[in-house]
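Below, each structure is written out as structure tokens.
In what follows, chain A forms one complex with chain B and a second complex with chain C.
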Partner chain A sequence: MDTIRIYLTLFATSIKARMEYKASFLFYIFAILTFYIGQIGLLFVLLNRFHQIKGWTMGEMVFLYSLHAFAYGFTNLIFSQLVNFDKMIVDGEFDRVLVRPLSPLGQVIFSKFEISTAAHLIIGFTALYFGTHLAGIEWTLRKILLFPVIVGGAVLIAGGIRLVVTAVAFWTLRNRSLVHTVIFSTKEFINYPVNIYNLGMQFFLTFIFPIAFINFYPAHFFLDRSGEGLLHPALEMGTPIVGIIVFIVSTFTWRVGVNHYQSTGS
Partner chain B sequence: MQHDNIAIEVTDLRKEFKVSLSGKGFLGKLQALFHRSNKVITAVNDIDFKIRRGEFVGYVGENGAGKSTTIKMLTGILVPTSGTAAVNGIVPYKDRKKNAAKIGVVFGQRTQLWWDLPVRESFDLLRVIFRVSRSDFDRQMEKLEKALGLRPLLEMPVRKLSLGQRMRCDIAAALIHNPPVLFLDEPTIGLDVLAKQSVRNFLSEINRTVGTTIILTTHDMNDIEQLCKRLIILEEGKIMFDGETELLKQKFIHEKVIEVEFYENDCVMQEISGVTVVREQGCKKWLTFDKDNFGIGDVIGTIASQYKIKDISVKEPSVESIIRNIYDNRIKLSTPSNKSFTK
Partner chain C sequence: MKPELFFKFVSISFQKQVTYRFDCFVGIVNGFLYVFIFTSLWKALYSQFDTTVHNGFTLTAIVTYAVLVMAVRISFTMDDSIIYRKVMDGSIAMELVRPTSFFFMNLAENVGHSLFHTMARTFPIVIISLFLFDISIPFEPVRLLAFLFSFFAGYILISMLNFAAGLLAFWFVEIFPFMLFKYALFTFFSGGIVPIDFFPEFLKPVVNFLPFQYMLYFPTVILTGRVPLAEVHSIIISQLMWILIMGVICSLMWGAGKKKLVIQGG
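== the complex of A and B ==
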């Protein structure tokens, strides 16, 4: 209980510090909204031409998109500080994290919050609304209850992946380009149903770099789809389990990394 | 075990760093991408020492001697390659959180405070992080505010503080939870004379009145002479002296230093046999001489007959000159076993 109170205090402080720069805060939200509107626009154009992609209709694609936007929004909200983590290593700022009686990872995460990632969630809700209508999703009680569970698992997957690549900085010092590449590829690969890729790629996105669990597999459950895709439908409920596994592996990697931390000279 | 009065215990502590050597120029860098050649540097080389509660220890050495690396292992920042360390009976790099609660750390080069926040808010945050009760905090803060003159600084954002002001705040921040052991890594670096003195006065006071064990690394030998009863000198990762500062001085007390200031047109001194220039600063030179063959009068006489002297005095060697001599291998120390000093 005490620990939670400490983190909440850190959280409040980080927001206070962030609000010092209001203009950049608003500008960021504007940039995200523009980006998403562009993406959805592109999707509309594509689907107007082809009507569907590999058996996925417009509405289904929009729903796929909404799952992703939710996962991405929450992941960014919680793990945004990890994107700049290598700076903490290079500047030796991580030193001070280690001399405080709190978990290092907790301190890093709570040291900065991108509240502006709320914009991702606005898009998520919008896409969810249109996806539901266009695809005619029937929201049973089971689906409503499982929705947050799936999003939670997806956040663990996306966040865990981010944590692993972040921890690489303990060995290589600078790794921003790696972090950006991984975050970017996570986003791009799953904007479309994973079954448009060849079997090797599907295998990769399921078992090696399991981002297909962020939206592709669970979407089947909500859309009452069945059939195509690797090992489906056994995997449509796999998201929370995969999320927990990825997160355990990533926190382990992080812990090994902390013990490998070399600090900086002086 | 008689851990009760031992604050820090270090046994065979060693830290190696792997440094990758990248070649020169573009081709060399390209080659390094595929074929990494690593060099292992031993920053701390199997050192041992014990520090009792309430001691004030100076930990000195040249840049790269391994001072900061030792401090970082004792504070839980670095994991040693081999050997063990215990602070307050806790292994710092295994039990980071437990250790952190019982030590205070000040890095002269880096602040512990939140850059954009007023000092007071940083203190409040640290109070929460270190789980200090409101009443304990108020009592401690009142003491710190008075002793370090913090009151006018509390509402200022950290980024607007001068170096000296920031250092006072940083020291206070490290003591909010009243830790039994305090590590200071170059706390007087970059401070002016007055600021240095106020920091020193405060440190000496808490060591005396509260009994806080203090380990201080510094390049300023005045810090050592004024504060540290015990001195550990490090060279290339090894301890080459561990004992009382006074003892070090006594050992070399016969080693008189002549301080001469020449007139400007006579600034360049020819070599005189048996006399070595230890240090020079403009027209001021510090000389030592071979006691076995020359008396002090001979040396002064020789110099006075050849040069125009503005000022001359005979000094006992400062700790700084002793250490400088140790580094330059002018003085051979019989490496004392540290056990004889820890009693």
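== the complex of A and C ==
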């Protein structure tokens, strides 16, 4: 019980720290929204000219985008500190974490709250609204109940990937460029339906680096689409299971990393 | 500023980059990832139609564009947080007492950075792409020369944009939102992902009003051969005009910023 209270205090403190500059906070949200509107705008430009991408219409693409935004928003909320984790190691700040009587991973995660989540939720809900209308999604009770489950699974996948890639810092110390490539650049892959890539890449994004489960496969379920590409009907519902597997593997990697960790001495 | 001094700073900045070899390797993968995603996207879009030319681009032409625009973009890699960091840690004070122009110092630092990324990332990515994709670049010496000229003009423009955005640190504690905002506008309007030719008519006036298309789109289409040689000079004149406009903005901001700047001790 005490542990939970300590975590909540850490969490609240980090929110206060981030809200210190209110104008800056609002402009930050605005800038993120502009970035995503730009991305959706480019999709619009393309679809305005080509009507669809490999069988995916504007509405369906927007829905794909909304799943992505929700997953990414919640992942950012929980796992944001991992992005700069190598700095904690290089500066020796991680040593302080290790001597406290709390789980190191818990402390790292609760030490920073990422406000960009607010922007992602705005984008997620807006895209969900327009996606539903444009693509004519019928929200049955089953779909409504499974939506949070799918988003939860997607967060485990995205968060698990972050954990693995940050754990690399235990061996290499500085791994900023790797973290940015794996976390941010690969996001671009699933802005589009995964069936535009060649089979090798589809296999990679399904079984090795399973980000296709964040939006592409579950979108088939919500949109009542029949499968194409590598899709097996069973993969539609694979997101929660894949999420759990990825998360178990990643926490294991993190533990191995912590045990391997030697302080930089700074 | 004396040319020898300028190149000395370029060389120092270049050498700073060389120390991060792992980052460089990751950077190649990162750049190639984008090339792969966008070439896949265009192939998927073109495969849906019997017509082979869309908005003046054949599939080969658009794949060539996608590869080269990314190549140019990577060559333009620079650290846009230098000024912000100098203001934050107070070392900007040193820049004020130096007898050299701060703008050219900054440019030299950028050039060293970009030169490294051109050699270490752009060239490998273009060479790999030549083997993997159907690319055609017209070989005309005059065109190549025009491209180089337009490329450098675009580079100076981007450098000025980053300089002006960086100077905002004189007025604001947090400039990351501005940088994100700039990045969002740049990504959309520079033609970095979708060439301007595909934009709907109602967006054209906005595109023409902003300098972004002169940074990436025009240098790239000069190289790919999309622009007839007879039109090249008018593009370069427009670029020079924008350099003049941005130059005025930069010097006004620098003048006002110097007065505003408060250094808080050491």
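Heads up, the rule we're going with is that the second predicted complex is superposed on the first by the 258 of 266 C-alpha atoms of A that agree within 3 Å, B and C clash if a C-alpha of one lies under 4 Å from a C-alpha of the other, contacts with A are read in each partner's own complex, and residues count from 1 in each chain.
Everything that follows uses one rule, which is that a residue touches a chain if its C-beta (ideal position, glycine included) is under 8 Å from a C-beta of that chain, and two chains touch if they have at least 3 such contacts.
Remember, predicted model here, so these are calculated numbers, not experimental data.
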Q | Clash-or-fit label for the pair chain B, chain C on chain A | A | fit
Q) What is the C-alpha-centre angle with chain A at the apex and chain B, chain C at the ends, nearest 10 degrees? A) 90
(Q) Under the stated touch criterion, which partner chain does A:E93 make contact with: chain B (first), chain C (second), both, or neither? (A) first
Q: May I ask you to decide whether A:D224 touches chain B, chain C, both, or neither, giving the answer as first, second, both or neither?
A: neither
Q: Once the structures are superposed on A, label A:T13 by its partner contacts, choosing first (chain B), second (chain C), both or neither.
A: first
Q) Of the two partner chains, chain B (first) and chain C (second), which one does A:G38 touch, if any: first, second, both, or neither? A) second
Q | Partner chain in contact with A:E138 - chain B first, chain C second, else both or neither | A | neither
**Q.** When both partners are placed on the shared chain, which of chain B and chain C touches more of chain A
**A.** C
Q) On the overlay, how many Å separate the closest CA atoms of chain B and chain C? A) 7
Q | Touching residues (chain side chain A, partner chain C) in the complex | A | 21, 24, 27-28, 30-32, 34-35, 37-39, 41-42, 45-46, 48-54, 172, 174-178, 180-181, 185-186, 188-189, 192, 196-198, 201
**Q.** Contact set on chain C toward chain A in their complex
**A.** 20, 22-23, 26-27, 29-30, 33-34, 36-37, 40-41, 43-45, 47-49, 54-55, 172-174, 176-178, 180-181, 183-185, 187-188, 193-194, 198-200, 203
Q: Using the touch rule from the top, collect the residues of chain A that touch chain B in their complex.
A: 2, 5-6, 9-10, 13, 16-17, 20, 92-93, 95-96, 98-104, 259-263, 265-266
Q. Which residues, counting only chain B, touch chain A once they are in their complex?
A. 17, 68, 72, 75-79, 93, 96-98, 100-101, 103, 105, 107, 109-110, 112, 114, 116-117, 121, 125, 128-131
